[in-house]
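Labels A, B, C and D are assigned to the chains in the order they are written; within every chain, residues are numbered from 1.
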Amino acid sequence: MNSFGRLFRVTIFGESHGPCVGVLVDGCPAGLPLDPSDFASDLARRMSGLPGTTARRETDTPSIMSGLFEARTTGAPLAILFENRDVDSNAYEPFRKTPRPGQADLVAFQKFGGFNDHRGGGTFSGRLTAGLVAAGVIAKRLIRPILAEATLVEAGGSTDVEDAVGEAVKAHDSIGGIVECRARGVPVGLGEPFFNSAESLLSHLVFSIPGIKGIEFGAGFGGSRMRGSAYNDIIVSTEGKTETNNAGGINGGITNGNELFFRVAVRPTASIAQNQLTIDLNTGLRGEVMAAGRHDACFALRVPVIVEAACAVVLADLMLLEQKIPRVLEVKEWT
Amino acid sequence: MNSFGRLFRVTIFGESHGPCVGVLVDGCPAGLPLDPSDFASDLARRMSGLPGTTARRETDTPSIMSGLFEARTTGAPLAILFENRDVDSNAYEPFRKTPRPGQADLVAFQKFGGFNDHRGGGTFSGRLTAGLVAAGVIAKRLIRPILAEATLVEAGGSTDVEDAVGEAVKAHDSIGGIVECRARGVPVGLGEPFFNSAESLLSHLVFSIPGIKGIEFGAGFGGSRMRGSAYNDIIVSTEGKTETNNAGGINGGITNGNELFFRVAVRPTASIAQNQLTIDLNTGLRGEVMAAGRHDACFALRVPVIVEAACAVVLADLMLLEQKIPRVLEVKEWT
Amino acid sequence: MNSFGRLFRVTIFGESHGPCVGVLVDGCPAGLPLDPSDFASDLARRMSGLPGTTARRETDTPSIMSGLFEARTTGAPLAILFENRDVDSNAYEPFRKTPRPGQADLVAFQKFGGFNDHRGGGTFSGRLTAGLVAAGVIAKRLIRPILAEATLVEAGGSTDVEDAVGEAVKAHDSIGGIVECRARGVPVGLGEPFFNSAESLLSHLVFSIPGIKGIEFGAGFGGSRMRGSAYNDIIVSTEGKTETNNAGGINGGITNGNELFFRVAVRPTASIAQNQLTIDLNTGLRGEVMAAGRHDACFALRVPVIVEAACAVVLADLMLLEQKIPRVLEVKEWT
Amino acid sequence: MNSFGRLFRVTIFGESHGPCVGVLVDGCPAGLPLDPSDFASDLARRMSGLPGTTARRETDTPSIMSGLFEARTTGAPLAILFENRDVDSNAYEPFRKTPRPGQADLVAFQKFGGFNDHRGGGTFSGRLTAGLVAAGVIAKRLIRPILAEATLVEAGGSTDVEDAVGEAVKAHDSIGGIVECRARGVPVGLGEPFFNSAESLLSHLVFSIPGIKGIEFGAGFGGSRMRGSAYNDIIVSTEGKTETNNAGGINGGITNGNELFFRVAVRPTASIAQNQLTIDLNTGLRGEVMAAGRHDACFALRVPVIVEAACAVVLADLMLLEQKIPRVLEVKEWT
């Protein structure tokens, strides 16, 4: 199922080269001021354009098809569409029989019996994250004044991100990176003791972003090498403020009011401008494939705003659950 | 909500010092042979007993209260209880006003308005993982011949686990560790492109285990520092077998038929036999607390079997979804 | 799946002649005062004992296994068990090959491949409604001061219920009946426009009660024969009070603040003390079966308290969703 | 939430006078042949046009935005839109302060704090059933050769439907009716013993259709007046065929292989071409309102195809759950 969330429920749909990609946001409280222009800044961050990102150019103008009336959310589901225009599907034809390594070409064929839309990666395309970013824009407004902020802190193993990307482009190769996300002002008490721990929900949604292969909260993997006496965050106020934040703002699966902090590992872009070995599915012989198409040398550059969206969506859902966001944001008089 | 899974649905309940902990498994196909003794081996692995694990001794004999008839599952929900016997709640009284650092004492109080059962950590206790392990025993049978195997490969930063635990005990301190999990024979096609990617579901359930703070699939964080040309796993058969396995057996969120592989970071045990600073909730003054009770110096020792259970539960759920496990395992003649 | 509810989530389990039947209530707010004795009155109404009801005698004492501490709900799941004691399974052996008409004997065998627990109807038994009634007791407390009240208004087509039951017993036959349920003080705004309309949710849960074959809201089937000018309930206050209540308190799937009112059709008890024709599953020949066991001549007598429970559970779930019930009912000071 | 179904999941959205209404169908197996023209016949049945139905004229041409490739479903979500063109919103302005009796005008305002789109009933409009009908078209193909057929058997209390509608139109009034639905060839074993009984799921979805106020299965309310000896359906074959069908094809919540049969009560259209009393929300004084707009004198005429859709959606979902429909309908060779 392509849905996430219990009360603030996000569903994405569409294919890279179909008529559109889109998102349905169900459970958004009524009365939230919202304008198509509110999406521009986050969508621009996700969009291509930087060196090291794909040459595909989409305007990414959201069409809000429902759930909005007189510039406010109505409480009914919001359907938001992004038309696909800059589409060139021919480049993808060869991958139906010579699947690209590191891509979903082969598993998509196998899972859907060959009926998947292979063009541009179809429903596996990173383009579907436009919908998640749009949902994130709405979620970010709901959780105000909490601010979820993510940045790319490392690319190809280097903290000089620009430099690392430049070298990868030169080498006709690709790199990955590490994204850090922080949210301040998160209330105490979000998350459930076991199956819906804050870590469970955040990781669930973050791992829905294509290319994410790791996540750690607070001290994370490094923390597994510390002693308890050093790792434990000493509580310094009755509200629960701690001296250190090795737990990343979560104890026992529940937010503790300190900064929420996690790091995400993004693998290198699978498509590279080199011939790569693969198998010819017709003949069973080994052969080469070149991922022509238009791709990012480092799609990790585009990931931070998507991680922020994931973080905001989880927080909005949990805050609705804990009744920290009302179901109706204001109430109108009879008019 | 304390439930996980779409078709194979697991719900855990109970408190550390209440009458019992337990699990409800809904959606298990009918006709699976099952006997209380089948749980013994995995429960023993989870149980205390090793040096570095708690002195609490529970027999952990499962009482199967429903869903089993004539030694086979009936298709109705299985309710399984574990009585709590070796309970000593007095040690926990002080933590109601001087919360232990690194524990859920304070967030539990805040989230549940002070009505939480604080004794032995209440519903936050690692003891509830007995239920998850029991669900795992059932799931493991369903996914046969797939084998999910997890091991502790590192404790306190050292691969000599025994040694590291010994030193921690000597120092009245605690350590964490890293657990690796592998599953061979996983069919192609489990997981969904976005919100229910295989990584999303596995991480969701793994992060429900208390004390887990990181997860990575395949090359994980290390992979974020590789170039695409080295990271991409070259496909060598039409079924999708690859030369390397940097993706950990998952492409585009879908299992690709190679070994499923992930690593999990376990933080050091929060309770240590040292005085630690904290805040007195009555006075607002800083003070000390010692986590008396009975605890593990390295509860990571007990985590592998729980991670296996989580892995098996996710696989069972996804295999039911993909109709790779039937709803009735055999059919009886009229008798 | 044996669960219902989005925020106040009820799961029932157990078999008629297994060790117990039970219920798991997840999502109950913390801080609700609750004592095992609180269940006595509603469970007594559900229990056998009246003329026209089964001779099976169970004490129906609830064992609360989790989620309760110091006489208050903790916010963790409540597991409640009812031991089965007065069990006589031999009477049910013949029905494995000569299924009783009107019962689930045959479909249970077919659905679960013969692995179902057939004794006393197994998981299809009306005995499982004990768990629903117990959940209803909790829900009723949560929705206070709203009162859901159901009564049997007709049995075997007669309003003289006692008389009708007596005649059915005399005739070694069984009868059904009609139950009316009313709830006053329901807030405006519960339910969703389409798939989770108030009628959808109420009917969903009411039809989970064994033997229910019809439901109508307000004027119901009779209303389908009225003209709109007579049917429409005229609004007489700005809060939405109406002159008549043909809509049964629900407009467009949303409660409108007037009395919630619906009627439920209960079929006659399937088991009767007469020989009935059926098929012998071994031979394929027609034969007779007599539903020995112990049964109600009119189990509709026991249905009102179960319908009340269903109504209260739906209202509690919707009121939590609309934030009309808080997640924590009170807040304790540090103690 | 505006979603229904566990594996075949339908979400509807849109407003009567917004840019479109639509439906998202998630979980449809891959490989189903589908063409926009396949929707024409059912949508025509739902559409206006008959005497006694609204003058609003929409072409109801479905735009399939995703999930379809090379004339087959891909396994990804299908988003289907219906543009709104023939819109005249002015007529609805008065109802913001003088709510129409029998409509959702007032509850919509109250539930959504006044931010609801009131035009044409907004998200409460019967126009949203276009999406349900479209989902039904897909579901009907999946459940083949099972045929769900519904007909209006009574209007305004008369079996001469045409006549009854004519009289209502003449009287500037409206009528309701009764719809019967039958499905032959339903496999044994659909539904769950309790909370997801076949009756629970069917009634849940049927009551999401605006204006439905009652449902009964098999003998229904009439059956509650029969004796058990007459009501019980005698089994005449080892497969479970019965002589009579008072149970409507469902025992113990599980389909028994006989004809599925239920009846639905449709209330008279709320909007009538007469002045009706109501309250002025500004002044609190009583006043009159005339539901101008364009409406059906008997919208029950349009209900049968929607009930069929509801029935087919439930059956498709349950058949996927029981693995009676595969996840991929055919498998392509590598091409």
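Keep this in mind: a contact is a pair of C-beta atoms (placed from the backbone, for glycine too) under 8 Å apart; a residue touches a chain by one contact, two chains touch by 3 or more.
Note that the structure is a prediction, hence the values are computed from the model and not measured.
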Any chain in contact with chain C as well as chain D: A, B
Between B-D and A-B, the pair with more C-beta contacts: A-B
Distance between the centres, which are taken as Cα means, of chain D and chain B, whole angstrom: 43
Rounded Å distance between chain A and chain D, as computed from the means of their C-alpha atoms: 36
Gap in Å, rounded to a whole number, between the CA centres of chain B and chain A: 26
Touching two or more other chains - residues of chain B: 1-3, 6, 76, 111, 123, 193, 238, 281, 334
Chain A-facing residues of chain B, complex: 1-4, 6, 10, 12, 99, 101-104, 106-108, 110-111, 123-124, 128, 154, 156-157, 168, 171, 173-178, 188-189, 192-197, 199-201, 203-205, 207-208, 210, 212-221, 223-229, 231-238, 240, 242, 246-248, 251-256, 265-272, 274, 276-279, 281, 284, 286, 300
Contacting residues of chain B [partner chain C, same complex]: 1-3, 9, 11, 13-15, 18-22, 24, 26-27, 30-31, 63, 65-67, 69-70, 72-79, 81, 96-97, 109, 111-117, 119, 122-123, 281-282, 328-335
Complex contacts: residues of chain D adjacent to chain B: 6-7, 76, 193, 238, 321-323, 326-327, 334
